[in-house]
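By letter and in written order, the chains are A, B, C, D and E; residue numbering begins at 1 in each of them.
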Amino acid sequence: MTGKPGNWSQRLVNWARIKSPWITIFNSGGCNACDIEILACLIPRFDVERFGILAKGSPRHADILLVTGPATLKQASRLRRVWEQMPEPKYVIAIGACGAEGGVFHGLYHVMDSVDSVIPVDVYVAGCPPRPDELINAVVTCLGLLAEDIAHGGKEWRQKKAPVSTDTVNPVGEVPV
Amino acid sequence: MSVLSEMLVNLLRKPFTILYPTEKVPIPDSFRGRVAITDEKCIGCSKCSLVCPPQAITMVANLREVEFKGKVLVRKKKPQVKVFRCIRCGLCQRHCPTGAIIVVPELSRTGTDREVVVT
Amino acid sequence: MIDPLTLNFVTETMKGFGTVEPAGKNRFRITTTPDRLRDAIMHVQAMLGCDRLITVSAVDNSRTLELHYHFTGQHRTVITIATGLSRDKPVLATLSDLLLPAGLYERQIHDLFGISFTGHPSLKKLVLNEDFPENEYPLRKDWKPAPGRSYGGTKERREPL
Amino acid sequence: MDPLLLFIYIFLFPGFLFLFAYALTFEYLDRRIAARMQHRVGPPFFQPFADLIKVLGKEVIDPDGVDRRIFDAAPLIALAAVMTAYLYIPIVGISPLAFEGDLVLVLYLLALPTILLFVLGWLSRNIFSAVGGVRAVTQLFIYEVPFFLALLAPALMAGTWSISGIMVWQQQHLWCLFLQPIGFVVALIGLQAKLERTPFDIPEAETEIVAGPWTELTGRRLALMHLARDASLVCGSALVAALFLGGPQVPWVISPAWLGWIVGFILFLVKTLAVLLILSSIKVATGRIRIDQLNRIGWKYITSAAIVQVAIVLAMNYWWVRA
Amino acid sequence: MTEVIIPIGPQHPALKEPVNFRVVADGEKIVRLELDLSYNHRGIEKAAEQRDFIRVLPLLERVCGICSHSHTTAFAKGIEEIMQLEIPPRAQYIRTIIAELERIHSHLLWLGVAGHEIGFNTLFMWTWRDREAVQDTLEEMSGNRVHYGMNEVGGVRCDLTPAQVRAALARLPLLEERVQKYVGMVNEEETMLLRFRGVGKMTKQEALAYGAVGPTARASGVACDARHEDPYLVYAEIPWEVVTDTHGDVYGRTCVRIGEIQESTKIVRYCLEHLPEGNIRVATPKTAPTGECLSRYEAPRGELVHFIRTNGTDKVERIDIRTPTLANWTSVAMCLTGQNIADIPVIVAAIDPCLSCTSRITVIDDREKKKNAITFDELRERSRARWHAEERS
């Protein structure tokens, strides 16, 4: 249901979308530190409810999926399924070094090395773990992206602009020594 | 009762929240954040890339003369750090002989392109 | 609080089960054979008052697969019972009925080292993902992931758009 | 009442439009108060509105093998039921639709959303939803009895089944809050349970069954259901305010009539907000109890408290009111 | 009502980490449960055999995001024992300070999560708010809120400046006052008592037989604490006590943890005040001699064991990590049978599971000696199929 900002109702929906990002958290095999830092965003010190961010248990209700961890072989299929359960429009933020490139687990035999090899990722956050303020920055970046996508009539324009890599080879094998 | 009193006290107190984007969260000087490289100091010894646990540092070709302990050396390589792979462990800083690569107390970035590097 | 055990006492008690040697601070290792393992453990529990199993560790020393059962008790001394299994056909009777927590450690060792524990109630894949290839035991010394080979999990890989 | 006024009453003020606005304000205040009590800032004022609009605009996903028509209809029916109930509750003076016995109708309509939630949960073919749905009806049976009894007490005392009638009676005598403090507490607890808020959020316990019957709701269904929930919060507090706090009735005579209406309306706002404050505090101060504990507590304490209250009222009727 | 199977996890709001239980429930009562915990296996033990002592520490730190210091200390301590190194007292004190701060933060975190599990979000908000003070201290001292990176073989990486010591000392009174408040809340708040008392009971004998460790065991009256049984760092020379409780239920575990927060606060204060002067590390050889070591460490959740074998190179030959959560799972499975569905999160949370290190077990119901088929669980789809089948029958 992404549409061009034409009539007032569409504009209203777009405005609401930016003002009310609900998140759901998925740990794809990380060390929990990132998850704890995400939870730390909800607490009084940072209180992301100020931005309308609510953590939801059901992926059906969420707009943004926060993925932590390097996607272990076992979690990869679950991650994919959770992502599929989310209603459009949906965005994915890969948290930490793990989410981006496997971090310290890069090349281990039981990880996929990046969330991106399982589901399309929109925003990356550096750090291991990122501080809560960096996570807030990430969500803000994601919202900026959302606004930009809306302006271009949907998420597809970005994918057209930068085609994703099409490698299907399992990264396992390059175990760093 | 302690719950109720705490609730009422909180209701009247100023919230604990740091209004993040407008107010900055204090970052201690010891915070290990972004990796920064001072190109003039680096002698291209590759030590940092050897100790880096996630292998975030690759040595890329870069010819340059550098001064080290009063001598002028010609280095062939310089380090390049993948921002999103770095785990901010600070080992590169700990093992660099010249202090060319350090982790500075600043936040790293968020972005859509994971191939970003620092050189 | 009971005093720590002494080498003499342990050697005396465990006579007939294998060699006893000190292995670090306040820790003794008893090396025994697989067939005497069960008796040795019951003996340690009964005679040395070791009522807690700390963990079961497996080590591949390239010749044999070693199993180490670490116990402790009120006396605070750690007693390790070690045994070696052949790498070609590592089989051992399960101890999960005797030591309740061992059931989990055994499944984990089965996955990573390929030691089969006969009589275990459900020796199924545990650590590795479901479609990890059979007969590949990652923690064996000679195991290396083959480049380009699939170790499961790939069927859910992101489809190219 | 002439048709135009009636139209305005039903659809604009204090009808549906006001109901929606007030429901969203209520949710905002609820979240804000909770946030402040937890020592944080809380959401901005437009948050419930933005949430509503956003959810309305999201994709609607049909769980496999469910009857889409029921799934679409149930939230609508729930919302309609609450909206209808709302029309009978006095907001500014006496509702023009009031009739003898409207209290029973309102109570029935307010119970409808829970039953529909159960139906949704049961039909979702999702285990979490089903368990949540079953929990919702179980809970319904537990709290509905004391809640009815507690609201019955003012009716008995006033000798009428009409909400407006009870209000007028309080005007002449004394607020039921003072006459029946036990009933008031039971009514608040029942309301909290009806709205499935902590400590009675058992049917949607996030950590146990994800979101209960809500798990599979997406898009406009979720939005409508949510709106129905917020509207019942308004209706419930308005009902309690009318039955126990004298509703929008102004204790002294004000002329002209329109000024009296405005004052009454302000009184209504103040009273419902007071009820909301109490409900929010309960929410913040407690954890969730278990369904078996609710069962025990509900029957043992809450129901008996309600029965005691009714007995007291009957006795009072005999000795005091009739005398 | 027929038996229903409720899949919990791998992605479930109660547990941030992946774990998969399938709870077989009859109405609201749990008949038996099937656990499948191995979603986080990454292969750290193998990788640790391939990295040298410098690079392996950040890896081990990331076994777990809560007790990151525990893993590195356990490892460094083990290697130092094999190398026969004596690390300077100042380094020992600094390690202890970080370890105890970590325990405080972990227990506060746990208290909040336990509150959250029973829907008492306010407690979650408050404890986590106060936990920030500990996190700030840790961040100031080490440079990261979670993965402190404090340890290296032979000592610690950064020294404490007097200003840091002062700042840390200044934060302690507030913390003590807050913890005192929580003691009150836990004992007064009715809904919490309702949910914690008598839930997940475990006797002393059961705790021993099922190999429970840490606060889980201590709440059942088993005074096991690696800091006491096998004193390391400075625990032999400073005053402190093992906290135990006899309730044996979730309430008891809460009391033990709160007691430990208070105890740890005292230890931190003592160490900060008695911080000796001197070096913070010693020169270490690059390689370790052939040897082996069983390094025991009392992590916040219980005894953590690293079994380390070296072979004369700069890498370990084998490291076997036995984490407290792994040791506690057997007892959880035991506790859960016969309880309410609503109690699952509380009981499971009561052992404070951090699954990233542990994710590898399927617990079978030992009590009934029943073999539970643990099949590949296609989360929702599967459960839905089950549901259909049951409905039809």
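Keep in mind that, in the parts below, contacts are C-beta pairs under 8 Å (C-beta built on N, C-alpha and C of every residue); 3 or more make two chains touch, one makes a residue touch a chain.
Being a predicted model, the structure only gives us computed values, none of them experimental.
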- Message: By that same contact rule, can you tell me which chains touch chain B and chain D alike?
- Response: A, E
- Message: Just to be sure I understand the contacts, which chains border both chain C and chain A?
- Response: E
- Comparing centres built from CA atoms, which chain ends up most distant from chain E? D
- Task: By CA centroids, point me to the most central chain in this structure.
- Result: E
- Message: Averaging over Cα atoms per chain, report the distance between chain A and chain E in Å.
- Response: 27
- Message: I'd like to verify one number: the distance from the centre of chain A to the centre of chain B, where each centre is the average of its C-alpha atoms, in whole angstrom.
- Response: 23
- Task: Indicate the whole-number Å distance between the mean C-alpha point of chain B and the mean C-alpha point of chain C.
- Result: 41
- Message: Among all residues of chain A, which ones touch two or more of the remaining chains?
- Response: 43-45, 47, 50, 57, 72, 74, 85, 103-105, 107, 109-110, 116, 128, 131, 175-176
- Note on the structure: Residues in chain B with touches to at least two other chains are numbered 3, 7, 15-17, 19, 53, 87-89
- Item | Residue list for chain C, restricted to those that touch at least two other chains | 128-130, 138
- Query: Each pair of chains that touch: what are they?
  - Reply: A-B, A-C, A-D, A-E, B-D, B-E, C-E, D-E
- Note on the structure: Interface with chain A, chain D side, in the complex: residues 31, 35, 38-44, 46-47, 49-61, 206-207, 210-211, 214-219, 222
- Message: Per the contact definition, I'd like the list of chain A residues that touch chain B in the complex.
- Response: 44-47, 50, 97, 100-107, 114, 116, 121-128, 130-134, 136-138, 140-141, 145, 176
- Along chain E, where are the residues that touch chain A in the complex? 10-13, 16-18, 38-44, 46-47, 50-51, 58-59, 62-66, 68, 109, 124-126, 128-129, 132, 135, 145-147, 354-356, 359, 379-380
- Note on the structure: The chain E residues in contact with chain B across the complex are 51, 54-55, 58-59, 62, 122, 126, 129, 136, 139-144, 147, 149, 157-158, 181, 184-185, 188-189
- Message: Quick check: in the complex, which residue numbers of chain C touch chain A?
- Response: 128-130, 132, 138, 144-158, 160-161
